[in-house]
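Chain nomenclature is as follows: A, B and C, assigned in order of appearance, with residue numbering initiated at 1 for each chain independently.
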Amino acid sequence: MSEHLPALLVVVPLLLAPVAALVGRWKVAWAVAAAACWWTLYASVSLLQRIRVEGPISYELGGWVPPYGIEYRIDLVSIFVAIIVAAIGAVTIPYARTSIAKEVEEDRGPLFYAAFLLCLSGLLGISVTGDVFNVFVFLEISSLSAYSMIALGKDRRALTASFQYLIMGSVGASFIVIGIGLMYVMTGTLNMADLAVRLPEVADNRTIPVAFTFLTVGITLKLALFPLHLWLPNAYTYAPSAVTAFIASTATKVSVYLLLRFFFTIFGETFSYEAMQLDMVLMPLSIVAILAMSLVAIYQANVKRLLAFSSVAQIGYMVLGISFGSVLGVTAGIIHLFNHALMKGALFMAMGCVMYSVGSVRIEKMAGLGKRMPWTMAAFVGGGLSLIGVPATVGFVSKWYLVQAALEQGSWAIAGVVMVGSLMALIYVWKVVEVAYFQEPDPDHEIREAPLSLLLPTWALVAASFYFGIDASLTADVATQAAETLIGGIQ
Amino acid sequence: MSEGMLIGFTVLLPVVGAMAVLVLRATPNMREAGTLFAGVATFWHVLGLLYLVQEGARPRLELFEVVPGVPIVFEVEPLGMVFALVASFLWPVTTLYAIGYMRGHHEENQTRFFFFFAIAIAGALGVAFSGNLFTLFLFYEFLTFCTFPLVTHHQTEEAKRSGRIYLGILLATSVGFQLLAIIWTWQLAGTVEFMDGGILAGTASVGVLSAILVLYVYGVGKAALMPFHRWLPAAMVAPTPVSALLHAVAVVKAGVFTVLKIAVYVFGIDLLQTLATTSWMAWAAAATIILGSLVAFTKDNLKARLAYSTISQLSYIVLGAMLANEMGIIGGGMHIAMHAFGKITLFFAAGAVMVAAHEKKISRMHGLGRTMPITFGAFFIGSLSIIGLPPAGGSWSKWFLGMGTLESGQLGLLAVLMVSSLLGLYYLLEVPVKAFFFKPPEGSHHHEGIHEAPTTSLIAICVTAAATIALFFWPELWYDLMTMAVSGTGEVAP
Amino acid sequence: MTALGLFNYWAVIVLMMVGFYTLIARSNLVKKLIGLNIFQTSVILMYVSFGKVTGGTAPILVEAAHAEEVGETAEAVGGVGAEVVEAVEVAGEAILYSNPLPHVLMLTAIVVGVATLALGLSLVVRIKEAYGTIEEHELLDGPS
C-alpha cells in the first residue's frame, strides 16, 4: 500500500466525497470527511519522511511510463505544500462540525462535506502531480467545490461573491489551459520534467513567451495578486467561517506553489527572470499589493473583510520574495506560504468563533468581547501579533528572511516597504483589539464564549504559529532546501 | 544549580510570580504576598549571578535555534548585570509601593495589573541577560506588548489614545529601524552575537556602518531620543507604580541599555570613534537633553514634568555611549543605576501625593510639604540625585560623563551637561520648595484631612530615598561592573 | 503558410474575444455565463486545431503492422505529439493519423466546462431567488 501512497493521497478524499454526499446523515458524513482529512495528513507526513530519506518520489499513474502517462512527482516543495493543505484540512474539520452546523442549513451538511473533500483532494492533487494538464483538472476540481462551499454562506451576498469568483476563476483556469496548450504544441509533452528539458530548445519561438504570459496571468488571477484580487474579499467575507479558514490558508497557497512550479521547474529561472523579466512585473505589483491592500484593510468595518484584504497584502509578501529570484527570496516566499497559512487560519477561525457567539463579525458588534469571549479574543491577538511580525511568532520569521533577501539585492526601499507593511498590519489589528478591549460590552446582549470544539482548533493554529515562530529551524530548513531544488532545477 | 540553569530560572521567576498572581486572585493579600515573594526571590537569584560575574565568569545559557544560526542565548555580562540588579531590586520595592497605591486609589483590575507587572519584569530581565541581538530584540518587543495593558490600565478613551501613541512609536521605531539594522548586521557580520570589541568592524564601508548606527540609535525608541520621545509622556496615563518602575526604570532603561550594549558589543568603542555619525548622535542626544529639560519647565502636571525630565536624563546615557570612550560608557552605565533610584523616588512621591491629596498639579501643592513631610523630603533627595548634587548617587555618574566629554575634547557637550543640571535645579526643586515654604492659598481648605501616603508606600519611598543617598557613599559596585564591561572591549573578539 | 491558412486560429481568437467581451460588458448574469462558455469553447477549438495533422485521418488503429512501425519510429525520434508527424513521415507508407491527445484532453475540458456552467446557472437561480434580479448593476445598487 505504501508504494501507492502518492496516488492514494488524492484518491482517498476523492472517492470518499461521494460517500459523504450519499450517506445523507449529517454526523456520518462528518465522520467520513474527518477520517479522510486525518488520513491525508498521516499520508502526507509519511511521504515527507520518505522523501527526506530517498529523495523525490516518482509515481506512474496506471503503470504508464512518463512522459506518456501521467506522473505524480513529489519533491520537497510539493510535499511541503501538501502538508500545509492536509494539516489545515485536519484542523478545520473538527472546527467545521460545530461551525457549519450553525452556519449552514442542516440538509446541506452532507453535501458540504462532499464539497470539502473534493476541494481537499483537488488541492492535494495540484501539489503532487507532475503533469501540467492534470494541474488544470485538479485546479478546476478544487475551484468548483470552493465556489459551491462559498455559496453556502448564510448571507445572500455569498451567492454573488461565489458567482464573481466563478467567473474570474474560470477565466483564470482557461488562461492556464491556453498556456498549457501552447507549451504542448511546441514541445509535444505535458510532463513537467520533460517540458523543462524541451522548452529551452524552442525558447526562441514567439509562442513560448505567449504561453508564459497566459500562464502568468492565469496563475496570478488564481492566487489573487493585486490587481487580479477582486474576487477574493467578497468570497472570504461571506463564505461560512470554516470555509474561509480553509480556503484562505490553502487555495491561494497552492496557487503560489503553481507559480513556483511553472516559473522555476518548467521554464527555469533563466528564462523567467532574464528573458521574460518576470521580476519587473511581479515586484511592483506585489509592492503595491502590500501597501495599497494594507491601507484598504485599515478602513474595513467587517473584520472578515479586513482580514481578506490583509490576505491580499500578505500574498504580496510571498510574491515579493519569489520575485527576487534568489534562493533567499524564494525561501522567504515559501516560508511565508506556510506561516501565513497558520496565522490567517487562526485569525479566520477566531472570527468564526465570534460569528458563532455574536452572529456578526462587524467591528462595532465586537465591543467588549475581550471580556465576554476572552479566549477567542486572545487567539485573535495571538494571530494578529503574528500578522504584525512580532518576534517569537511565525510572522517574524517570514519578515526576517524577506528583509534579508531584499538587503541581499541591495534593495533598501523594498526592505522599507516590508517594514511599513508590518506597521500597517499593526494598525488594522489594533483597531479590532481596541474595540474588543476598550469598549464596554452591550449589556442587553448575553454573549457567551465559543464552545471548546471551536476554540481548540483555533488555539491549535495559534499555538503552532508561536511554536514555528520560536523554533523555525524545521520550516526554514525545508524551505531553504525546497528553494535550492527549485532554483537548481530538477536534478 | 548550573550557571545556565540559574539564568533561566531567574528570568522565569517573575513569570512564576505572574502565575501565582492568577492562581491567588481570589484573596488579594495572598496575591500580593505572592508577587512580593517572587520579587525577593528574583533579586536573590540575580545576586547569585552577580557573585559569578564579579568572579569574572560570564554565565551563558544557549537555547534552541530560532532560524538556522540565530539561537536564543542568554549571557550575563557586567553591563547586563547593572540593569538586572536595578530592575530586580526595585521590583519588590515597587510592589510594596503598589499595594498601598492601588488600594488607596481604589484601582480596578488589580489582578491583571500585578500579572502584567510581573511579566514585564521577566521581559526586562530577558533584555538584560540577552546574549545576542535577536534575543535582545525578542524581549524588547515582548516588553513593549506586555506593558501595553499596564499603560492602558484604566481603559478610558484617554488611555486608548495614549496606548496608540505608545505602541505606535515604539513599534514603528523598533520594526522600522532597529529590526532592519539587526538583519543588516546579520547579513554583514554573519552573526548577531554580542562580542567584546564588536562584530561589525571591517565588514562594510564606514558610510554603511554609520548609517547602521543611526538606524540603531533611533531604532531603540525606548531610549526616547527626540523626535521619538512622545510615547513616554503618553505612558504617564498609567497608574503611578507603572510610571515609576516601568517608565523610569525597566522599559526606558531597557532602551538605553540596548544602546549601550550595541555600542560596546556590536560596534565596539574603537569602531565607534571612526564613524562620522557617532558625534552626530551625541549631539542629537545633547539636543534632547536640553529640549527635554526646557519642556519639563513648562509642565505643571507633576508626572508630565517628571516624564520630560526622564527623557532628558535618558539622553545622558545615550550621550555617554556616543562619546565612544571608556569614561563615557562607565558614566552612562552608572547613570542607569543612579537615575533609576533617583527617578523612582520622585515618581513614588508624585504618586503618594496623588493618593493622599488627589493632586497632580505642582501649582496647587503649596504648603503640602507640611502635611506630607516624608514624601516631599524624599522628593528633595531624589531631585538632588537627578540634578547631580552630593550627597546623592547621581553626582557620580554625571562626574564620569563630564570626564568623558573632556576626554573626547567636546567642551560643547560638557556645557550642555552643565546647563541641563542648572535647568534641573529649577524645575525639580521648585516642587519641594513650593511644598515646604509656600503657604497654602488663602481660604482654601483642600489640604485639610490629608495624611501621609499609605504605610507600605511610605516604606518604599524611604527605601529608595535611602538607597539614593547610599549610592553616593558606596558607588563601587556599579563602577567595578562598568569597568569590567569596558575593559573587555580592548580585547580582540574570539 | 499564409495568414489565412491559419483561419481556424483566427476563429479561435475571434471567439475568444467575443466571449471575453460578453463576460465583461454584459450585466445579465446568464449572458455572462454564455460569454464564459464561448470563451471556453474557443479554447477547445484551439486544442482541436493543434491535434489536426493535414491529410491525417482519425486516429483509429487500422493495421497493427503499420501502427507498430509508426510507434517504433516515433520512439526512435524520441517524442510524442507534434513529433509523431515527423515519425509518420519517416515511416513513409504509414497511414497519417491526427494527434489524438488534444482531443482527449478536451473531453476533460468539456466536462469541466459543463460543470462550471451548471454550477454557474444554479447560482444564478439562487441569486434570482434571493435578490429578485439577475442584472449585475441592480445587484450592486440594491439594498444589501
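One rule holds for everything that comes next: a contact is a pair of C-beta atoms (placed from the backbone, for glycine too) under 8 Å apart; a residue touches a chain by one contact, two chains touch by 3 or more.
Note that the coordinates shown come from a computational prediction; the quantities given were computed from them, not determined experimentally.
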Taking each chain's centre as the average of its Cα atoms, which chain lies closest to the overall Cα centroid? A
Farthest chain from chain A, comparing Cα centres? B
For chain A versus chain C, what separation do you get between their C-alpha means, in angstrom? 29
Chain A-chain B separation of Cα centroids, rounded to whole Å: 44
Compute the distance, rounded to whole Å, between the mean C-alpha positions of chain B and chain C. 71
In the complex formed with chain A, which residues of chain C make contact? 20, 23, 29, 32-33, 36, 39-40, 43, 46-47, 50, 79-84, 102, 105, 108-109, 112, 115-116, 119-120, 123-124, 126-127, 130-131, 139, 144
Residues of chain B touching chain A in their complex? 64-68, 72, 134, 137-138, 141-142, 145, 152, 155, 157, 159-160, 163-164, 167-168, 171-172, 175-176, 179-180, 183-184, 186-187
Tell me, which parts of chain A touch chain B in their complex? 385, 388-392, 397, 399-401, 403-404, 407-408, 415-416, 419-420, 422-423, 426, 430, 434, 437-438, 469-473, 476-477, 480
Chain C-touching residues of chain A, taken from the complex the two chains share: 67-68, 133, 136-137, 140, 144, 147-148, 151, 156-157, 159-160, 162-163, 166-167, 170-171, 173-174, 177-178, 181, 184-189
